[in-house]
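The following pair of complexes shares a single chain, subunit A, combined with subunit B in the former and subunit C in the latter.
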Partner chain A sequence: MEAYIVAMLVFAGFYALMALGLNVIWGLAGMVNLGLVGFFAVGAYASALLTTKLLWPMPLGWAAGAAIAAVAGGIMALIVARLRGDYLAIVTLGFAEVIRLVASNEIWLTNGTDGISGIPGPWRGDVSPQQFNLIFLALVWCAVGIAFLLLSRASHSPFGRVLRAVREDEDVAAVAGKPVLWFKLRAFALGAAVVGFAGALYAHYNAYIAPDGFAPLLTIYIVLALTAGGVGAMRGAVVGALFVVLLLESTRFLAQEIPGVTPVQKAALRESIIALSLILLLRFRPQGLIPERTRTHSRPGATP
Partner chain B sequence: MTKFRIGRRAALRRAAGALYATSAAGAVSSFAIGGKAFSQGAPIVFGALPPLTGAGGPYGPAMLRAIQAVVEEANAAGGIRGRQIRVVAEDDQTNPDAGVRGARKLIDVDRVSAMMGTWASSVTTAVAPLCWENRVPLFTVSGADSITLLPHQGFIFRTQPNSKLQIETGADFLLRQGARRIFHLAAQSPFAQSSQDVLVAKFRAAGGEVVGYTVYEREKTAFRSEVDAIMRARADTVFLNGYLPDVTILLRELFRAGFDGRRFAPAYAINQNLLNSLPHEVTNGAMTWQPSPDVDSGAFKRLERLFGNTAVDPYSAQTNDHAALAILAAAAAGDAGGVAIRDNVRRISQGDGEKVDNVTDGLRALAAGRAINYEGSSGPVEFDERGDIRGTKFRYERAAGGRFELVELR
Partner chain C sequence: MTAPLLEVRGLVRRFGGVVALDGLDLAVRRGTVTALIGPNGAGKSTAFQCISGVIRPDGGNVIFDGQDITGARPDRVTRAGLVRSFQIARGIPRLTVLENLLLYGQHQPGESLAVALLATQAMRRREEELRARAEAIAARLNLSRVLDNQAAALSGGQKKLLEIGRALMAEPKLLLLDEPVAGVNPTLAAEIARHIAHLREEGMTVLVVEHHMDFVASLCDPVIVMAEGKLLAQGSFESIANDARVQEAYMGRRVHA
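Take a look at the complex of A and B:
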């Protein structure tokens, strides 16, 4: 049981990192990004290829995964510079599909739909599987901690305030003299870097990646994590990711305890419970478990 | 130490719960089985990881049913040296990420001694490292060649012939049918390029040639240029190496273009649903092939009786054998650990032992100290040193008037 809980906490860590990344792009800058899994895949493939084919050391691979995802994010921001709302969502969704199709067709590079197996992990093979899990648990949650601290700081810095202004009204921000595109680009690159880093870690934890693993399902989980946790709040992203993993996993045991339920019904029941809880959450707590709190200053002259 | 005992007690409690839940055969009998489990030590747990939702959803439930049926039979026959067996199933959602989480739960919480029934190649490849690291054998129906090439230390057993073997037998069949100029049209998949290499070698050796090779994206909805290329190449045979949705469109467009050569596709791409959805003149003469369960075997007939009105698909025939192999290997070893099962699968599935086609006879023979050779519903189930299956039969069919007729079974 302990090993299982540790493994699920590792997964929660990946989800939390992705939710943090998405929170910069969507929560702060207000750009709907449904192409999340694309950046995740870019990070994962970059690090997996560099460490298996060019035999780079793992930390360099992870850094490269984040950097390449950031570049992809920056380019993406330029492409979608004039798009907002639904149109932006569609283009980003398309981006993730393009990445997945490139990964399944450029066989010379990515090994196609067979995927890349045998990706090294820190001390994998030298330590027991459980120790490896614990190493990764520490690694992932350190990364979550660092990302959380840096992004929270950024969120309350002038940079974060401008992003919020862009989110609320782009034109007003522009009129106030803020270079909107430049801020959007940096937000996109920063968020994508965090997501790409999560992807890089994920590849080395699972030891195997394939285009199938980067289906839109994962994006949906992360969007749900962020919505559940509270869009805009960094703490909400982490709490939301934990909540989604808890929901995904606890339903296994819940559905198992109901007498007379066959495994097939259990599988269907699990999906219904997950869907229903999220509908209920959005109906009764649309602001999320931890709503965004911004430090508003009192209006000049309002207080005596 | 105390912690460990609590874990076991919880496992026992869940055992009782799961027996309630999984046994389709009446509450009374399952209760009796539960009682036995308590009296004779902790049950042996097998993990099933079939696709119950997602793209594999149409196959998973039957695959699971076949596993459960074998386990119920073994339990009725006294279990493995008096210990009862329990199946815990998780849904892999036909997704590697979900599959890994499901496998984690089976390995770490349920402490399964064998894992069986993974379907999608990507799920199997993702789950495989967990299995060999935790010393749990994995029985799978996935076809990608790369799976048994993983450094799996003998922990993977594959009952599905790998795609290379499938293409080789398909090419031999076409050559027997008189094909010489073949056009290979493949959906992007792990098998596209390896299929092409096999086809070229086979046709060249027989004095024929592969006159064209095109890989397409499987979500495509129009194939005008591909069909034109086929017509231009004056192929006498086209190999539609794709999936159901795209092959449906391709058959229609080939008919419109007036293609009159052989059309050949895997049985999962041209199935009865496709024949029902297209006019007969479009589908007549289209040929399919698939690895066939051993339909004349005792094991297959038992499975058919159990399934009643539903036809037994090749995957269920294979998972039936997954469960039987794991049970008999554990019984032969006298140990239900993963390593013991791995080391004994070949001992009970090949060699000169007494031939058995079900777990009841197998357990009895093993208890009497006799060697056995299990012959399953999917075939003779003999594995080579990489864990790949040997000696599977193939079934070739032709569409005629909206139905399939058997051309060959060999």
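Take a look at the complex of A and C:
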């Protein structure tokens, strides 16, 4: 049971990192991105290949995963520069599928659907599996903490102010003297870097990655996490990720406790409980658990 | 005679088969509050959009302060010192009034990602300067009490004032105001006219599109009249009001003489 909880908290950390990344792209800059899992996969494959084939040290592999995902994000921002809303959603969703299909078919590089195994993990083999999980738990949540601090800072800086303006009205942001595309590109690259870093950590935690680990459902969970937590608020991204993992996992046990139903019905009930919880949350708290707040206030002396 | 601050030559813009601008020529002299008027559909708004870079013209030139800014992106036009307001007040609704003003501040190093992450001294110093400027502009436009309110919560008139305030934050040489008193009560319209007159006294140049003739008559000289995408007439308000071509453009031609 303890091992299970630790593993779930590690996964919650991955979710939190991804939700933080999405919050820059979608929450601040207002660009729908349903291709998250694509950037997650790019980070995972980059780090896995560099550390297993070229024997790079792990931290360098993680940094490379983030950097390559950032470049992919920047290119993505240029491709979708003129798209908004539904169209942006479709193109980004397509991007993630392209990445998954490339990983399945470019066997010379990615080993195809067999995946890559034997990805090193910090002190794996030197310590017990439980200790390894605890080390990784600390590692992932340190990464969440650092990403949270840096992104909060960016969010409440003049840079973040321009991103919010781009989100609400691009024409106004442009007339305010801001090069809109350059801001979108940097927001996309920054968010993708955080998601790519999460992917890299995931590869080294799991020791094995394969294309079917990067299905669109993961993107949907992250979008849910951010929506539940509060779009635009960095704290909301972390809280939302914890909330979604808690919801997904606790309903597993809750459904087991319902008497007089078959296992198939239990599985269906579990999904119903998840759906109902999210609907109720959005009905009664559409702004999310932690609504977006900006921090620029006038000085007390300035208002008569 | 010094060169005009803004000079538009032969500006053309088509939307499909509709010719919105059909070789528009106009000039705005320094230190004036110039009005751009004309009946609905004359192309005033399109002219504003093309001059401010929000849409690209199909032909012609826009020369601002000696620089050719034809077809330049709106952020470049603003940085050159030509700043426009929007007709339907488009405050960024979920930012506060103060943040809306700060958004229009120029030369903020904190708009670079690395600087934002490091929160450098230069960024904080510039933020303080912009904040002082924003508070001064808010005080001047009677917006001090609502600085911390979200722009979405402002009254219609306050949104109009915020439009002007934001444009002033960008330290313009030429202010383009798109219907600054449309839908505003007469008292506030007079107040806005006073604000614009004060700006002129301080040396600002303003180009206004407006339908309120009282406002134009009291404030603007010269007045430029557009019709069917072209310059029709220009001069003082009296000379324009007595111009038969202008009356015809607004009222239509008499069928029976």
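Definition applied: the second predicted complex is superposed on the first by the 296 of 304 C-alpha atoms of A that agree within 3 Å, B and C clash if a C-alpha of one lies under 4 Å from a C-alpha of the other, contacts with A are read in each partner's own complex, and residues count from 1 in each chain.
By definition in this document, a residue touches a chain if its C-beta (ideal position, glycine included) is under 8 Å from a C-beta of that chain, and two chains touch if they have at least 3 such contacts.
Remember, it's a predicted structure, so these values are computed and weren't measured experimentally.
Taking subunit B and subunit C in turn and counting the residues of subunit A each one touches, the greater count comes from B. By the touch criterion stated above, A:212 is placed in contact with subunit B alone, subunit C being left untouched. By the document's definition of touching, of the two partners only subunit B reaches A:105; subunit C does not. When the two complexes are overlaid on their common chain A, residue A:249 makes contact with subunit B while staying clear of subunit C. When the two complexes are overlaid on their common chain A, residue A:157 makes contact with subunit C while staying clear of subunit B. The interface of subunit A with subunit B does not overlap its interface with subunit C at any residue.
Those residues of subunit C lying in contact with subunit A across their complex are 52-54, 73-75, 78-79, 83-84, 86, 90, 92-96, 98-99, 102-106, 108, 110-113, 115-117, 119, 123, 127, 131, 135, 138, 144-145, 147-148, 166, 170. Residues 7, 10, 14, 17-18, 20-22, 24, 48, 52-53, 60-61, 64, 89-91, 93, 95-98, 100-102, 104-105, 107-109, 120-123, 125-126, 128-130, 133-134, 144, 146, 150-151, 188-190, 193, 217 of subunit B are the ones touching subunit A in the complex. Listed in rising order, the residues of subunit A touching subunit C in the complex are 150, 153-154, 157-162, 164-165, 168-169, 171-180, 183, 186, 190, 292, 294, 296-299, 302-304.
By the touch criterion given at the top, residues 1-4, 7-8, 11, 101, 104-105, 107, 112-115, 117-118, 129, 206-208, 210, 212-213, 215, 217-218, 248-249, 252, 256-264, 266-268, 270-271 of subunit A touch subunit B in their complex.
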